[in-house]
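Please see the structure below; I have some questions.
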């Protein structure tokens, strides 16, 4: 994919984030990566979604983190994105939002348990919460350390099976094969969070899904035996 | 009704499902049946609603379940629809969605009690919850078995009096005289679920409606003595 | 006002009801009255709001309740409207809806307490709940008896000071000087109900407003010393 | 800024308030001030937002509170705005709304605790609740006294660090460098209130953010070391 095409995709993904009701003001950003060139394309900081043009996107070098294209400052969360791209080689796009229901769980410092098949269609297990950052981690290199606690949380988790996380006291990050796919997973996460919220209120003693149902739904949509949707790669 | 007309109706019903706010991403599907020809028309799997055209609809043979028309794969829930059409001869359309409030009750594994006249206008009694599927039922023939637990749950229930169900851990299915009518009942179910949710929070000791009020509202709108709406069949 | 103008106003008020998010499907109706001619104009039963035209409105004689104009059946709730117009000579319009939060309180059989100045701006005291109808009242003359329990509930209440009510197990009715004004009060009631719902969850021990604050806000907007809005009658 | 430009800005800010879903009916108003001329521009009372034109704005003298321009009566809350402009010399715009979730906390008479970084991005600490007004304060000079209890509440608080307040039993006021900025803070407050509401339900024992995280997020966006957004003043 050319860099121009990636900029168009990332720009469009940022607009899709707002169009799907996940955004208040300018609180959210989407990025995408070209793995062949080690270039990350990300939303500029504090710019409204309606005004975004592909040429406004900021281009960063994956290794150094330096800006190598674009007239604006990158999103202030860019260092978090870079840490995730370096640690998770399978991901092609990242979305960060302060969507309401996912942020409620993040603020409550509680993982979102897998309470239904809607959840299992996207997340193969709970959407995990990170540990809170320490005073030192907040004061020195905050955005880098936000990325690091996410990576730490995924030491024993698979980023394909669980394409998102809640940062304690903060909000959700999701990822996917592309910028657009990471937005898709943020939309799903917000719906799943709202359903979990109400489910826990209706029945505080509800248990997470049994593993066989979790497996069934997740692998209906993912992996070599998936049978949801149309055949794409044939 | 010609097959082309049924495709148009089913296509339009799928779009109506999204327009009424019952859909996240592509999580929902509507079908309709031509009883004279034993043909079921259903949404293709994983296609976005905005793009749907009548010619995209998939045609299935009721008895064999085989695809006999359409270029796409049918919704992955098609085997559930087929089981319901075979078991419930009075129904002409089926809607499955993951609408938020109905899914909360499904995930909580709790029936929606008849707490008000809004409920009674559409459902003559609680909207029942199925039993959870067993490990074996999930692993082998999951979608068929989803249909079977619904049929099992309705052994002593009337599908006209109660045009919908919650599948445990999953979400709602509704049905009706036509595809459009099944969407109508999904819209009603979501409103009824949201009202029940809040009613139980405001007053956890609230009791279901007495039978005479349930009867009054249901039969105002259904059956030979109905007097709601305009006379249609005269 | 000519009858044609009243039809236009009532038609527009019904559309405003939907536009303001108070309607699911066709669950709601607005009427207006011409006191000089004793004619009530009301929405036809079961017709969608988008399709409504002024000429579709149904005209009823206040005294006899008989239809004297319009090609459709009137709303099935018309007998309730007629009882209220006869009992409350000060009102010029009535709205009935199944708006979600007001219906939650109605289903919970609990009045909406006056918990804030938003409430006090419109309702001078709690929005009262009626008693439930008896079996006999439901089975014989249900809609008339719905009107009667509202009138009974207002024996010691002022319909100008409290322009709305919750019918137990059912939903809200509001009224006002005109059809449009009754819709205005339904919009206010739904917002007030949602605020009360959350307030009671955040602080279950919250007390209703003191009388002096209730008086202040209500009489800022109503009566001879009102000073909210622009001078209309000078 | 010319007075005409200030009228355009204040008119547009009032419309933005409605467009962002913070308004029911006409319950809300925005003002702005020209500090060089001591002139306050405010919405007229009870006029719908869709109809507002810049020339409808009302101009008040800051010192005397007298109307010196505009054909309409000013918002009935104008005396509260004037008190705040006199007491808080740093603010350039004020928004008052009855947005649903912020009003829930106001009605519950509970401050909104700083439970997440979304909150800390805008408010450096809890959004405080005023004390209730006394009977005498309500009956004589109500709107002036509403301003005075806000000023009293901020005796030890910084209006730049905490650009908003909840008036007990009533609702929120926010402020900012301009009319538009005060609307921005009302939008943020409503999102923050909704997140806090759900967070407290999910985890009633949740603690406010530690100071170092509160500081980090607030000073990322505010003050000389801010690094969120684009450089504006260079």
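Letters A, B, C and D name the chains as they come in the text, with residue numbers starting at 1 for each one.
Following the convention adopted for this analysis, a residue touches a chain if its C-beta (ideal position, glycine included) is under 8 Å from a C-beta of that chain, and two chains touch if they have at least 3 such contacts.
All values derive from a computational prediction rather than experimental measurement.
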Looking at chain C with chain D, do both copies bring the same residues to the contact (over half shared) or different ones?
-> different
Could you tell me the distance, in whole angstrom, between the mean C-alpha positions of chain B and chain D?
-> 46
Counting in whole Å, what is the centre-to-centre distance of chain A and chain C, each centre being its mean C-alpha position?
-> 46
Could you please state the distance in Å, as a whole number, between where the Cα atoms of chain B are centred and where those of chain C are centred?
-> 33
Overlap residues in chain C, where contacts from two or more other chains coincide | 201
Have a look at which chains touch which and call the overall pattern line, ring, star, complete or other.
-> ring
Check the chains against each other and report every pair that touches.
-> A-B, A-D, B-C, C-D
Which of the residues in chain C come into contact with chain D in the complex?
-> 115-118, 121, 184, 187-188, 191, 194-196, 198-199, 201-203, 206, 209-210, 212-213, 216, 220, 227-231
Okay, in this complex, where on chain A does chain D touch?
-> 24-25, 27, 44-47, 72-73, 76, 98, 100-101, 103-110, 133, 135, 138-139, 142, 169-171, 197, 200-201
